[in-house]
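You will see two complexes here that share chain A, one where it goes with chain B and one where it goes with chain C.
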Partner chain A sequence: MSALRKETFALVAPTTLLFVGVVATPLLMTMLLSFNDWNATKGIISVLTLKNYAEIFADSYFAEIFLRTLRISLWVTVISVLVGAPEAYILRRMRDPWRSICILIVIGPLLVSVVARTLGWALLLGGNGLISQALQALGLSSGPVSLMFTETGVIIALVHVLVPFMVLAVWAALSRMDPAVERAAQSLGAGPVTIFRRVVLPQAMPGILSGSIIVFSLAASAFATPAVIGGRRLKVASTLAYDEFLNTLNWPLGAAVAMLLLVGIVASVFGWNRLVERRYAQVFSS
Partner chain B sequence: MRNGPVSLLFHCLFVTFLLAPMVLVCLVAFTPENFLSFPTRGFSLKWFHKLAEYPDFLKAFRSSILIATVSSIIALVFAAPASIAIARYRFVGREALSAFFMSPLMIPHVVLGIAFLRFFQMIGLSGTTTGLIIGHVVVIFPFAMRMVLAAATGMDRRIEDAAASLGATRGTVYRRIILPTILPGLASGFALSFIQSFDEVTMTVFVASPTTVTLPVRMFNYIQDSIDPLICSVSALLILFTAVLMLVIDRLYGLERLFVGETAA
Partner chain C sequence: MADLVLQGLCKKYGDVTALDRLDLTVRPGEFVSLLGPSGCGKTTTLQMIAGFIEPTAGTIMLGDQDLVRLTPDKRGLGIVFQSYALFPHMTVRQNVAFGLEMRRTPAAEIETRVKDVLAMVGLADKGERYPRQMSGGQQQRVALARALVIRPAILLLDEPLSNLDAKMREDMQVELRQIQQTLGTTTILVTHDQHEALALSDRIVVMSAGKVEQIGAPFEVYERPATPFVAAFLGKTNQFTGVGTGRELRVAGDAVLPSGTVGTVVLSVRPEKLQLLGPDQPGLRGRVSLRVFQGNHWLFHVATDAGQAVVIRQNDGRPVPDEGSAIRLGMKAEDVQVRLASAA
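This part shows the complex of A and B:
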């Protein structure tokens, strides 16, 4: 028994040490940094103060940025559910070789650098971009319409970046479903709407729920896309932290913003999982 | 069940939405004009030739490959033993350790970037390749571990017992039995880690320096200043590179298996 314990210890010890050294330590240092003071002449002042947090909570400028981050993330999540879940269902009903090709098309963008994809959206959303040209050609707009530096633009580009995660999550849930159940429902006289609502949706639900929290947390922490599409004019929490670190150089304030973002995301993930578990517990017990 | 016309229309719109930005980037890369214009008249490789005047993109590409390769190997070296222990043994703190090792998945990359910026400044690794590799190892670790864990979980312990009863030492068991069984997990773990590292931009933006930079960060910094056909040609090459990589992985392993897992395969 002792040999087994020694072996287990030898297997996990190096990785544990690595994580304490390069994950826990840097995060703790950042947390401490967020309690430090700062001014333009002296730089970082090693005292313990809640000043940065007080500033963030008191100033409506920061409140607006955090609310915008939340609003964008919620929209991206809702749109991803509405678009990604049906797409996963459609993919499931396809047959090879189309199905394999289409899955490549859905997964492919996940592998392409987010910077290249965001660049594409910058081209599409700009004042002389394709969307603006199309709106003008259709007579829907008299002048150029730029969606750059708007929340709508950021939401569209983020849905593009994150919707594959939703498709994959729902796809994984649906692939556990037996297609015979659908046919059974059909042969028992259920219409397509009933089949979708009573057979497909309940099976897809775990995928939709897990996909939602993945998309939400990635949207809330997204950086490159809001930085390019939203720019300086439309800051979100992550671009705010970036600016505080690399432009204003107020590291303690930037660290406080980062800590709030981290706490917000971790709380959402745990809260959501608790909610989902409770909901499913009710379903199973009733 | 078959898809009706409405479903197929929806599907076509979805695929268009997914592909449009990337197709557009590739088309703009071939413009003969000196500015961004679409639709363009004509076709030219002018901007690809112009890339030769910007050797820093090539340099950044090389460091991206180097960092992705080295950090994937290091991540696997640490992930493999940890995954074997977590998959096969029940020990105190197993759940907690597993959550700890997967935690980089939940921490926003901005927060990791900030944490590493501060950490590297304190220990004197600011702007070094070593620093970038450490950061990448952390970011990709959960992906490496997930793959090895999946391979190690399915292992039949009786083979090991048989080997031991035939007189094999623990070393031999590891080398001849455990390692070969987790080998597919190591291969897929490498593929997934490499891609994650190669695409990482958010964390790297914080710890990169003008001399040590990865391709996505170099591109991001360029886009912050100006959006022109040159950056489109860089992106087009990157998209091409990724497409080739994707086809190779799909042939060798199956993308679906890599991203959705065994259940859907």
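This part shows the complex of A and C:
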């Protein structure tokens, strides 16, 4: 027994050390930092105080940024579901070689550096970008339309990056589906729309829900895209924390923002997961 | 109720012919099995009747209705899939009710019909279960109930029992036959299991490599196989090469049957039709190389100069030859199929 215990410890130790070293320790330090005080002349003051949190909760400036982060993340999630779920369904019904080509196009965004991809969007979304020019050429707009530094622009760019995660999650759920089930529904008199709504969609639901968790948490914590498209004018929680750290140099306040963002994401992921598990436990767990 | 008539039904994939000119008329209430090894075209045929595969040529008529022109959802056929294909996110009751909802049957009628059909397949108290929570046999019954509740013109069964264990399969065979007899639903079964086809069908269509080998009642197909393929595929068969002298047939030098045939012949005899005779009686000489007791019958392997023979003898309580003993194999003219070997 004790020999087994020793072996177990020996095997688990490297991973544990790595985890403690690179994840737990910085996280703990950030948390401690968020309870420290700060002023412009003395810098970080090592005391324990809730001042930073009080400031964030009292100031509507912060509330606005957190609400914006939530709003953007929810929109990105909803749009990713609307785009990604049908996309996965269509992809699954395609045949090679088109299927492989289309999968590559879908996964493509993940292969390009996030900065390069986002700067590409900046070119498209700007006042003299392609979208603006196209709208003017079509007579839909009288002047240049810029989506830069708008929530719409950030949402578009984020959806582009995050939709592959939704497609992959839904794809995985659909792969578990027996293809004969759709034919069974058809033989019982169901048309294509009914089959999708009553047979395919419910079975894709676990994939959609887990994809939503991934997309939501990635959207809420995204940095590069909101930083480039949203810039200084349109801050979200992650760019706010960055600015507090590097511009204002108020590390404790930035740490508090980061902690709140983390807690918010973890809470929503856990809550969502509980909901999903309760709803689908008897149907999909074996 | 109308006849289902398949005429000149063909399916080609490029140069590969999956089904070659099938003609078949299925009468109302009849239970017909398509039997053959995998790749013989039986499943292709079923899929074409169901509407999931389009025929390359030929017609499928149900009475005066041309089924080929209808999509699967308009054909009104009940299908039981090999994998059962139940809706995993619906309860048993919801699964069975699905087809009726598609037909816009009034809710009250749906309720009674679902209840009746679940009672018929013995799942009256399992309506609120999900498929995952049921055994293979129970899922099979749900699939059957779901197909039958819409009162289909034809019931199509695609290897419905192949995923069940042997005991369960036998029980389901009996039950399936009883349900089919009670409802009088025209039924087409696809199977590679000869016992299933023999036990369930009114008629069997034996298929091989896209072609029909024989169509007939189970007893007829078993007793009088039309081709060597049917003889070999349905049940076990002993084949001996022999010579016809004009007066008798000789196998490995031993006279076995009187016959006027001249030339090299192939004799086919079922294992249960071979007689085990004493060493001094007329027949094919052999030695018992293996004897297995299987309760209601004995199984013998007999080594002869014409190759190994399999013999089955009912256990009637009397003594049987021991392993290693010399015997003779006797056969009766009416039990033996004799073909001239010239064709081979």
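The rule is short, and it goes like this: the second predicted complex is superposed on the first by the 275 of 286 C-alpha atoms of A that agree within 3 Å, B and C clash if a C-alpha of one lies under 4 Å from a C-alpha of the other, contacts with A are read in each partner's own complex, and residues count from 1 in each chain.
The rule is short, and it goes like this: a residue touches a chain if its C-beta (ideal position, glycine included) is under 8 Å from a C-beta of that chain, and two chains touch if they have at least 3 such contacts.
Note that the structure is a prediction, hence the values are computed from the model and not measured.
Q: When the two structures are overlaid on chain A, which partner does A:Ile65 contact: first (chain B), second (chain C), both, or neither?
A: neither
Q: Would you check which partner chain A:Leu253 touches, where first means chain B only, second means chain C only, and both and neither mean what they say?
A: Neither: A:Leu253 stays clear of chain B and chain C.
Q: Touching A:Leu209 in the superposition: chain B (first), chain C (second), both, neither?
A: Touch status of A:Leu209: no partner.
Q: Among the partners chain B and chain C, which is in contact with a greater number of residues of chain A?
A: B
Q: Which holds for A:Val81: it touches chain B only (first), chain C only (second), both, or neither?
A: A:Val81: touches no partner chain.
Q: Please indicate which partner A:Pro14 is in contact with in the superposed arrangement: first for chain B, second for chain C, both, or neither.
A: First partner only, chain B.
Q: Which holds for A:Ile105: it touches chain B only (first), chain C only (second), both, or neither?
A: After superposing on A, A:Ile105 lies in contact with chain B but is clear of chain C.
Q: Classify the contacts of A:Gly189 with the two partner chains as first (chain B alone), second (chain C alone), both, or neither.
A: A:Gly189: touches chain C, not chain B.
Q: State whether A:Asp178 touches chain B only (first), chain C only (second), both chains, or neither.
A: Only chain C; A:Asp178 stays clear of chain B.
Q: Could you tell me if A:Thr25 is touching chain B, chain C, both of them or neither one (first, second, both, neither)?
A: A:Thr25 contacts chain B only, not chain C.
Q: Counting contacts the way the document defines them, which residues of chain A are shared by the two interfaces, the one with chain B and the one with chain C?
A: 183, 186.
Q: Which part of chain C faces chain A closely enough to touch in the complex?
A: Per the touch definition, chain C meets chain A at residues 50-52, 71-79, 81-83, 85-89, 98-99, 102-103, 130, 132-133, 146-147, 150.
Q: Once bound in the complex, which stretches of chain A touch chain B?
A: Counting only chain A, the residues touching chain B are 4-5, 7-8, 10-12, 14-16, 18-19, 22-23, 25-27, 29-30, 33, 83, 86-87, 90-91, 93-94, 100, 102-124, 126, 128-130, 160, 163-164, 168, 171-172, 175-176, 179, 182-183, 186, 217, 220-221, 223-224, 227-228, 237-238, 241-242, 245-246, 251, 254-255, 258-259, 261-262, 265-266, 269.
Q: Which of the residues in chain B come into contact with chain A in the complex?
A: Touching chain A: residues 1-3, 7-8, 10-11, 14-15, 17-25, 28, 36-38, 78-79, 81-82, 84-86, 89, 91, 97, 100-101, 103-104, 106-112, 114-119, 122, 134, 137-138, 170, 195, 198-199, 201-202, 205-206, 215-216, 219-220, 223-224, 227, 231-232, 235, 238-239, 242-243, 245-246, 250, 255-256, 259-261, 263-264 of chain B.
Q: Touching residues of chain A toward chain C in the complex: what are they?
A: It comes out as residues 178, 180-181, 183-191, 194, 198-199, 202-203, 205, 282-286.
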